[in-house]
Every structure is written in C-alpha cells, then in structure tokens.
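Common to both upcoming complexes is chain A, partnered first by chain B, then by chain C.
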Partner chain A sequence: MNTSAALPPLTERISILRWLRQNLFRSVADGAVTVLGIVLLLSLVIPIVTWALTEARWQVVIENIRLFAIGQYPIEYVWRVWVCVLLLALICGVSWGLWLFRQRAVGAAILTAFLLLGLLPGALSIPATEKVAGFGLMLPSLAWLVAMSTLGALGYAIAARAPARARKLVGPAWILYLPVCFVLVAGLGPDGLLATVGSNLWGGLLLTLLITAVGIVASFPLGVLLALGRRSKLPVVKAFCIGYIELIRGVPLITILFMAQLILPLFLPDRVTFGPISFRPEIDRVIRAMAGVSLFSAAYMAENVRGGLQNIPRGQFEAADALGLTATQKMTLIVLPQALRMVVPILVGQFIGLFKDTSLVTIVSLLDLLGIGNTVLAQPKFIGTQREVYLFVAAIYWIFSYVMGAISRRLELPQSASRR
Partner chain B sequence: MSQSNTNPESAMIQCVDVHKWYGQFHALRGVTLSVARGEVVVVMGPSGSGKSSFIRTINRLEEHQRGTIIVDGIELTHDVRNIERIRSEVGMVFQSFNLFPHLTVLENITLAPMRVRKMNRERAGKIARELLERVRIPEQADKYPGQLSGGQQQRVAIARALAMEPKVMLFDEPTSALDPEMIKEVLEVMVDLAKSGMTMICVTHEMNFARNVAHRVCFFDQGNIVEMGPPAKLFSTPEHERTQLFLSQILH
Partner chain C sequence: MSDTKKTRIPIWRDERAYAVLAQVAFVVVVIAAGVFLFGNLLSALRRQNIPIGFDFLPTRAGFDISDSFLEYTASSNYLQAFQVGLVNTLVVASVGIVLASVFGLITGLAGLTHNFIISRLARVYTEIMRNVPLLVFLVFWYRGIVFNLPKISEALSIGPILVSNRGVAIPWLLEGALSLPVVRGRIFDGGFVLSPELFAILSGLVIYTAAFIGEVIRAGVQAIPRGQFEAARALGFTGMQSIRLIVLPQALRVIIPPLTSQYLNLTKNSSLAAAVGYPDLWSISTVIINQTGRAVEMIAVVMGIYLTTSLLTSLFMNWYNNKVRLIER
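Presenting the complex of A and B:
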C-alpha cells in the first residue's frame, strides 16, 4: 500500500477520538444518524447472535452435513468428488502462478474458497453414525486443507519454474476440467472404480455447483454467438437471434425450467436404432435442468456481450480491415477480446445471479442445496429448525457469491479500457 | 489532367472517374488520379471536400460506386480476395492512431505479419524491433498503447503499417490530433519514409512537409480535384480561385 505518505502524522492518526469526530459526529445530524444506526444494528444483531450461540439447534446441520454437501451420492464413490476438488486446487495454483502472481488479494480470495471446500470433505470422511460436533471434524478437515494447499502450491511452483510449458497446459486443462469432473461424478460403466452414479443421487452443494458450472460454460459461447448473430448482415440469422433473445428474456426462469422438463422430451424420437442396438432415448432430469439454465442464461449473456461490442470504436474495425485481417480474425483477435474484457464485471455479476438462480431447480424437484434443506426439514427429529437450516443455506450461497465477486473486483486485466 | 509524366503501366495507383455516394450525398464526383511508384502525393482541401473518402476508397474502407481503381495491377472489385490482397499491399495511418489497446506495442506490430503473411513469431518480432528502431522508439516495445504519448502512438501505428511491407502508404491527417512538438517527431518519420522511396498519399495541411517532400499536391473541393501540380508551383501561383482562397486561409 502506498497510502502511508498521504496519512497525517502519527500522533494525529492514532487519535481515535479525532477519527470518531471526523467520520461519525461531524454535525448534530451526523451524530444522530450514527447513534440511530448503532442502536438499530445492535437491536438486530444481538438477538440473532444470542439465538445462534445459545438456542439454535445446529445439530440439524452437523448431522446432515453430508446431505448438504453431496446429497445421496454413494459414500464409497465420494473420493471421485474430492478428486475433482483437488484437481481444481492444482489448476488454480498453476493459473495463479502464471497470470496473477502479483495479485495477492485474488490469491487470498481463492484460498478462502478452498478453506471452505476443505471443511466439507473433512466432515464427510467420518461415518454419519459417529458424527459429533467438535474435534472429530477438525482433524480430517485439516488433513484435507493440507492436501489442497499442497496441490495448489505444487501448481504454483510448476508455473513459476516452467512458465512456458505450464502456459501450454493450463488452457487445455481448464477446457478439459469440467468434462473430466462430469465423467468422475457421473461415472462410466456399470461397475468398477468408475461405476455409474445416477443423477437422481446427486444433490446438495455438489448439484448446485455442477448446474452453475455447466450453465456458465455452456451459456458463454452460446451468448457470444447470439450477440454476434444479432449484428449479422444475414437477415435470417439476425432475426433468429433477436427472436430467441427477446423471447427468453420475456419469460421467467421457472417457466423455462418447466418447459425444459416437459418439452425437451417431445423433440426426441420414440426409439433409436443403431443396427442391433435399439433403445428409448431419454434425457436425464438433471441434464434437462442444466439445458434450461444454460439456454436462459445465454440470452442475457448475449445482451451483455452486445453492450461490449457496441462500445468498440469504429476505428478498431477499420484498422483491422486496413491490415488485411479476415473477418474472422478481426472478430476473434481484435473485437471480441476487447468487448469481453470490457464486460467482465457485468458477466461475473450475471454468473453470480445464475449461481443463486439455480435454487429454482428445487421446484422441478431436484435436490440442490436448497432442495436438500427442504428435505432435511421434513425429518421428524428436526421439526421446527427452519431458522437454522435456511440460515446455513443462505450463508453458503453468500460465501460463494462473495468470493466470486471479490475475485472479479480485484482482477486487474491488462490495459483494458485505456484509450485516447 | 495528370501533370506527372508517368506512363500508366508503371503507375502504382490508378483512379479513373471515381464516384462515391453516401446515400443521396454525392461525395466523390469523378476523381481521376494516377500515382507513380515512389511518388509522394499530398492531398489538401477544405473540410468535407472528400479527401478522407477518396483515400479510403483506395483500400476499400469505403466502397466506390462508379469508376475504376487499380492498385499495383489489381483492380478493386467486389471480389473479396482482391480486396484482401490490396489491403495487405496498402498500409494506412489514421488521424486517431487506432492502435489495438489490448495488445502491447510489439504485438500490435507483429499481429498482421503473423496472421496475414503467416510469418513465424521470431522473424515477425525481429522485423518489428527493427521498425521500432526506425521510428525511434525501440524502448517502448513492451508497453501498451495507453502508456504512450500521442506522437509515440502514431509512430507505432506507422511501424504497424510498415510491418506488412506495403507498396503504398496512405496517411489520413496523421498529425492533426497531435500537439506541435509531437507533430515534428511524426513528420520526421514520414520524411524518412518518403526518402526511402515509398509511394505515399498523404492528406495533410502541413505546408512544410508538402513543400519539401511532396512531388505533387492535389487540391480537393466538393468531391473532386480542382487543381494539381508540383508544390512550388501550386503554392506560389495557384490558378483556381478556390485554391487561392484556401491557401490564403491556411497561410495566415
């Protein structure tokens, strides 16, 4: 920080009274607002904190932590989920080392997210029957934290030692990451290490994060294509894109989720026959929800990207033309990189919205984080623990949203908008 | 009307009866001009007379609706391949620089040689550094355009155009967005370039540049060339009344 030079001398700086007077009690009105604010805050916070520390039955969260984390996912295959988390730690480490090594704050935010993710495997590695609060949770959690930090540090070290080679690997690694996770979570065959785990067993935070990730990864290219199509000179393409965007934006997500559940199957033939194989095609319920979320998000993505495209000055197009770049090169090398950089904060905002909106899949009876919360509340043992459960669920949503927002705010993109 | 003694065969650029309309507005009204290899032509004229429109038709940033434009033996038609070939032979420098702000200076210069000419990175980088040397800012290679002064940016823009090894360079008021001391550094580079034998068409109102470097000055008014000749003659004894008026305004 280079602000120290601008601060007043030490004697003044440490004077708390002076600070109070300048910031909170500048005038009578100022002081009144301050006092009122403090009173309101305390009258809200004190009861909640007291309740949380004394009355609240957090047992409902502790005993069901596994449901909240992974739903009904079979415990013997849980390691596959943790492999996904560890892989993420590795790739993040490499990326951080390559691109963001000077940005401590981003590193800190990523680390926080991992700390939180690390608590879960620790909690889960204890059989549900023996689960108790307290120290039982701490040791395995710590072990996981160490494992993840080690992998993250390993990635960082790889990036620092061999930047060129790491750079070649990290792009494909990110692209492959989600498909690999999907295979790991869903499984491949009828039995063995990678036995299939039906999507009806996925749940909790795992399902929420999967739907979010697929939604982001699928809607991003789709949205960019729609935005480009909307500017197309071909009337049919243009009309289709405008029609799609305006239609989707005029409909609530929840209707789209219902439509995805009910209408998508209508597009499929009754039977598919490949030589000797013949089967009745079906799209999995989770996949249908993912498709709904992606199709919905793509329309908003398209509008945001279009905003960026409109802000690219005409001179950029002309300079690219004058150099003899083809239309595709002009788009991919000059226009899109600038347009996307311009809208990164907006896109991240949209992703956070998408993450929270996935809670609507509860209504088409998927057991995401919120859905699990509802089933937990139905357990006879925990009747009347709505406050605890919803507070916990809200806290998880908040933490992830906050971390995403913090990363995007701190991210310094090189020279994005500085032009004369 | 051409006063140069070049035969059409060796002409680098040949424009015959070029017309352009923006909607209803008739912006170019039968411009005919032939530019020889190695010739430096300065274009002058009042605002809105069609100077920019004219030089932008030469690399098809604007389409002309009538007449022919032939650059180095290739005629500009709707054929996209011809357009791309001509664009890679013709460098252009804009009033507002139009550097790519998300790329470093070096990347700005190497982009087109690598993507259009399929040059490898090492060779393109080497050529780029030589060009930066030539426009006298070798130390700025790794900065972003936003970190440079206007004069430096315009010199990068010239280097970027030169990296394609063009046969013709077009300048559209390259110094009119610059402060006086920066104008000088850009003009120096342009003078060097002219001396090296580059074919150039420059829209500019820099009288000294026109006087010392140009082989010919064209005076534009209302979408056509009204007078054309060697700078010494055109500036001292302009024949056309519009030219006299314009020059008297610019010189005082």
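Presenting the complex of A and C:
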C-alpha cells in the first residue's frame, strides 16, 4: 500500500502561490537570486534559440548525415550495417523479455535509442545527389522502424515462451553478437556479398561505436584479471598488476593512443615464418586505436572490479573453501558473480566514459564522429559552420551517454539466488 | 610425536611450492615477452635508422612557440622547447584546478539550494557537461565560441576584464601596482593578456571540470544526515556557522577522494590543449616527435612526467585526507 499517495493536510496542499513562495521567494535575498537566475537563463537561452532557428546553417548536418553516420563506408554494403542494428533489436527484445520485463523505464530508454537509430536510414536517403540503389538507403525510416519493432517484439515473444534451457542461449548470443557484427562490417572475402571493406573506410558514428564496443569487450576480461592479480597473494604478480594499473591511470589517454599508433607497430617482428608461410605482420590503424583504448580502459576497469571484490564478505571465501571448491571454482562460481553484480552501475559509468573517450582517436587522425566533423568543416561550401557541426556531434554523444546513464540508474539486476 | 614431524607434505602437493613456481613462471613469461618485444623494437628502429637516446635534445628546434612563460626563440633547442611546454602545462593545470574548485563549489552549492531556478540551472549545466566528451566541448568552445568573440576594437568588458577574439586581458600586478587593461588601437595595453588559445584551454577545462566537481560536492554534502544541520540550528548556530563548522568538515571526508581524482583528471586532460592550439607539454612533444622521429624517448619522458605529477598530487591529497579524516578513539 502506497502511503505517500495520501493527501497532505489542507494547509500543506500545494497551491501555485505557495509553491512559488517555498521554492522561489523565501526571502528578499532569495527573490533577488531568483530574478537574477531568470535573467541569466533568458540571456543565455534567447540568443541561442534565435541563433539555432534563424542564423544557423543546419544544412551542413543534413547534407552530410551519411558521413556522420558511417563515414566513407561504401553505399552498396550499407545494408550490412543495418543488419547489425536489426540483430541488436532482436537480441535486445529477447533480453528485455527475459530479464527486465517489469522495468518500463529501461524499455522506454532502449526504445528511444532505437527510434533515433531508426530515423537515420530515412535521414540517409535525404541527399538527392546520391541515388545509388543501396538496399539500406531505399527503405524509408518508417519501414525500418516497423522492421525493428517487429524484431524486438518477436524477441520479446520468444523470450516469454522460451523453455528454460533456451534462455541460457541469450548470454552466448550477446557474446557472439560483436564478432558477427565485426564480420558483417569488415567483410570476409575479396568480393561477393561480404566483400572486405577496409578499416580506412569506416567512420563516423559507426567507427565510434565499434571502437567503444571492442574497448568494452576487450578491457572487461583484462580488467578482471588485473583486479584479481592485484589481490593475489603472490607478490610478483601483485607488483606487476599494481605497476600496470598505476602507470596507466597516471598518464593521459592521448599518450597511450600515440604510443599505440607509433610504437605498437615497432613491437612486432619484421617477418613471421610458420614453415612455408611467411608474412610481414601489420596492424591497421583502427586496430591500434582499439588496442590503445582497451589497454587504457582495462586499468580503470580493474580498480572498479577491485572495489566489488573488496566488498565480498570473508565468509563467502571461507564457505567456498569449506565446500572444497578449487581456487578457480571459488572465483568463477562464488566471488566474481557477486562482485561484478555489485559494481554494474559503476562499470556502466565507466563504459560511458570510454564511449566519450573514443573521441580522442580524432587526434591520431581517425575519422570517428568528431573526426568526420572536422572533415565536414573543411568542405568549402560549409566554411564557418563550426558551431552547427560541433553542436550536432556533441548532441549525438550526449544522447547516447544520457540514455546509457539513465538505463544504468534505473537498472534493477535480477537478484542473486541468495537474496531472493 | 616425532612421527608427525616426519610426514612432510610432498613437494608436488605443497601450496607454497606452487606459489613459488607460479611466480617464477610469471616472471619468465613477462621477461621473455619483454625481451621479444624490445628486441623487435630495437631492430625496427635500426632498420629505420633511428638511434635511441637523448642526444637530440641540445640541437636547434627551429619552430616557434606562440605562448611561452620562458625565454624561447626558434633558435632555442629541443630541451628548452620541452621546458616551455612543461611550464605551460603546469600553469594550465594549477590555475585550472584553483578556478575549477571555485566554480565547482558554486555549482555544487547552487545545486543544493531550495531555489528552484538556481538548482535547476546547476542541474542542467552538470547534465550537459557530464554527457559530452571533453574534446568535443573544447573544439566547440575554441572554434565555435572563442573564435567568434568580438573584435578587439569592440572588446566586451566584464568588469575590468576585456574579452575579444585576440585574447582576454585581466588586471594584473605590474611593477608593484595593479594595472588595468585598456584597448589601444589594435592591442591591449596593461594588465595580463591571455592568448585566445590559453583562454580557450583554461576556460574550457574549468567549465568542464567544474560540472564534475560540483557533482562531487553536492553528493558529499547530501551524504551528511539532515539531523546534523538541524542539530546545529537547534544549538543556535547561524546558517553560515552550521555549514562552516558542522556540515563542511564532515562533508570534506566524503568529498576529498573523488575531488582528488577530478584534479588528476584535469591535469591529464590538459594534454588535450593541442586541440585548441595551445603549446602544452604534449603538443610540443608531438612537434618534436614529428621533427626528430624519436617517438619512444619522448613518449616515455612525457608519460614519466605525468605519472610523477599524478603520484605527487595523490600523495598530497592523501596527506590532506588523513588530516581531515574522522579520528576515532
């Protein structure tokens, strides 16, 4: 029974005047501050809104929306990117149906994210100059929205009816999702439906999201290992992990990205020979950036996971020992599941930070969302549109970070067996 | 009795033996990997004819630096260029930390007031900043706002401070007297003039970090139970007294650790100065790397400097934290 719904006594009921008095005009000084605040607000908002509605040349964003979304990715293969998005809709639907069916807020946030993604294909088809018969460009956004919500709903329906055994497949599906996307985006062979698309053609939001995803997936296990190493009883392992974590946390990301770009290739041998096969190992620049971001993020991940590990009561370790579990079993079955569950909100916060940090790959001349923004500004037609372009880029980062943050704040994880 | 002494754990069952073995194996793997990687590195450098060492530092740099607090000309050497960058970074970081603390405190307190408008303004400001990458904000701030400030002849005056697209002039102590800046023709006269780049990186970092510091302070004050404040009022403390003597000392304990990491973040983030064309330690180092190809040495030295600064800052903040921490019986 919700007691807060009961009405307050008559004298306490809010009337507009009363609310104003309590929140804006408690005293003379308070009133003065309020007036000052309103003046400040208006002096900021009015010029900005006037500028945005009259002066701003939003044409620069509209005409280059495809660049912002996918960079120079070949139009004939854009459909592969959209297959990734559709797959994501399906998996999200299934996961939602399985884990989060009571949480409307989370669902609404995910839906919003998809609506925004879904608007992109429609927006992509706006420039009339590019009438290439790409599959992704021909479908108007409405059809995409329908397709995605159908797949999401399908996933939800599957999840609701799936037998318990099938439910265990969702985890592996998530794990498989990223490699599948990578194959779809990068391609496999020299030609055909899945022809290779070089990473120099990846760009815009696509590149930003790919670096983020790889960074998260790669730094997570690395971070867990480092956290375990830092708590290890073996002094050598412990010293190594502490050294790594403190070194990385003490230097700016940009130095690590530069190191990945300039020095990482030098660490590779000149030639690798396996019997008859001999080749010159090379890592392309996108992979180098991904490596740099992952190595950087792993150190921060380790500290967050360590926070969780420290909060596991001794009794849990002792109970595991008493049950005769091996050290590996104790960690993977008893300690880590509880520790990780505890730090999920912090980890999501870190993932958001990583997503924002990927913008630094612009400085090592990759064309991520911000990098594309810089190239767009070099177009002679759009000289002097810095504010429009950077505001648009900032808005995209803002929406993604805010939605992720909102989800993590509302997220209620399925309780562990001990708490049910 | 003597029987139990004889039955020793066989070595292949002894956990201690495993521990030693595991560590030896770990060391061997790490050293092997290190030798392999550095061998590759050295041979790659030899192939590219890049020597290793710091012998290039005393050679003539030949590039200009727009902002410098030290004597520097294009005929100075790399070491001097590097020192200029180091001083620039230290100036930006230390002034930035002070200003960000002041504005962060204002933001945090604004977020805590009962005043609806003020607390909402603070909230919106923090929410905007916290969800945008610093680099995006910096380039927007520099190329979108600072570039488009009024011309020097129409410089905005905010109190005694003059703001224009050629820089920002602030009052400054010159030869023992306070000198107020004025516009003379096309230049500022008197006061201290911040170049647009210095102004952009400093104000950009402060605006960005203040939002995070504000959040830290708000969370710290909110962690103090209301009862403490009410008890102070009941004892007859004034509002200011109860904040200064009761709430703040307790809140500081919660605030200091996250505040430290914000200070460290600001210091490390100052390495993005290159994005606004300010010659800090890192951006000068990249110029040196481009000219000499000595990436390994330069990156190592810069990392070493940032690491030292970070460690020193956290040492100081830990000392301060120990001072304010709760002393129990």
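Quick note on the criterion: the second predicted complex is superposed on the first by the 378 of 420 C-alpha atoms of A that agree within 3 Å, B and C clash if a C-alpha of one lies under 4 Å from a C-alpha of the other, contacts with A are read in each partner's own complex, and residues count from 1 in each chain.
As a convention for this text, a contact is a pair of C-beta atoms (placed from the backbone, for glycine too) under 8 Å apart; a residue touches a chain by one contact, two chains touch by 3 or more.
No experiment lies behind these values; they were computed from the predicted model shown.
Of the two partner chains placed by the overlay, neither chain B nor chain C lies in contact with A:Ser365.
Look at A:Val236: by the touch rule set out above, it reaches chain C but stays clear of chain B. In the superposed model, A:Gln338 makes contact with chain B only, not with chain C. Of the two partner chains placed by superposition, only chain C is touched by A:Leu24; chain B is not. In the superposed model, A:Gln310 lies in contact with neither chain B nor chain C.
In the superposition on chain A, the chain among chain B and chain C reaching more residues of chain A is C.
In the superposed model, A:Asn200 lies in contact with neither chain B nor chain C. The intersection of chain A residues touching chain B with those touching chain C, taken from the two complexes, is empty.
Partner chain C is touched in their complex by these residues of chain A: 22-24, 26, 30, 33-34, 37-38, 40-41, 233-237, 240, 246-247, 249-255, 258-259, 262-263, 265-270, 352, 356-357, 359-360, 362-363, 370, 374, 386-387, 390-391, 393-394, 397-398, 401-402, 405. By the touch rule above, chain A contacts chain B in their complex via residues 313, 315-316, 318-319, 321-326, 329, 333-334, 337-338, 341, 414-420. Of all residues in chain B, only 59-61, 84-85, 87-88, 90-92, 94, 96-102, 111-112, 115-116, 144-147, 150, 153, 160-161, 164 touch chain A in the complex they form. Those residues of chain C lying in contact with chain A across their complex are 19, 22-23, 26-27, 30, 36-38, 40-41, 43-45, 47, 113-118, 121, 127-128, 130-137, 139-140, 143-145, 147-148, 264, 268-269, 271-272, 274-275, 282, 286, 289, 295-296, 299, 302-303, 306-307, 310-311.
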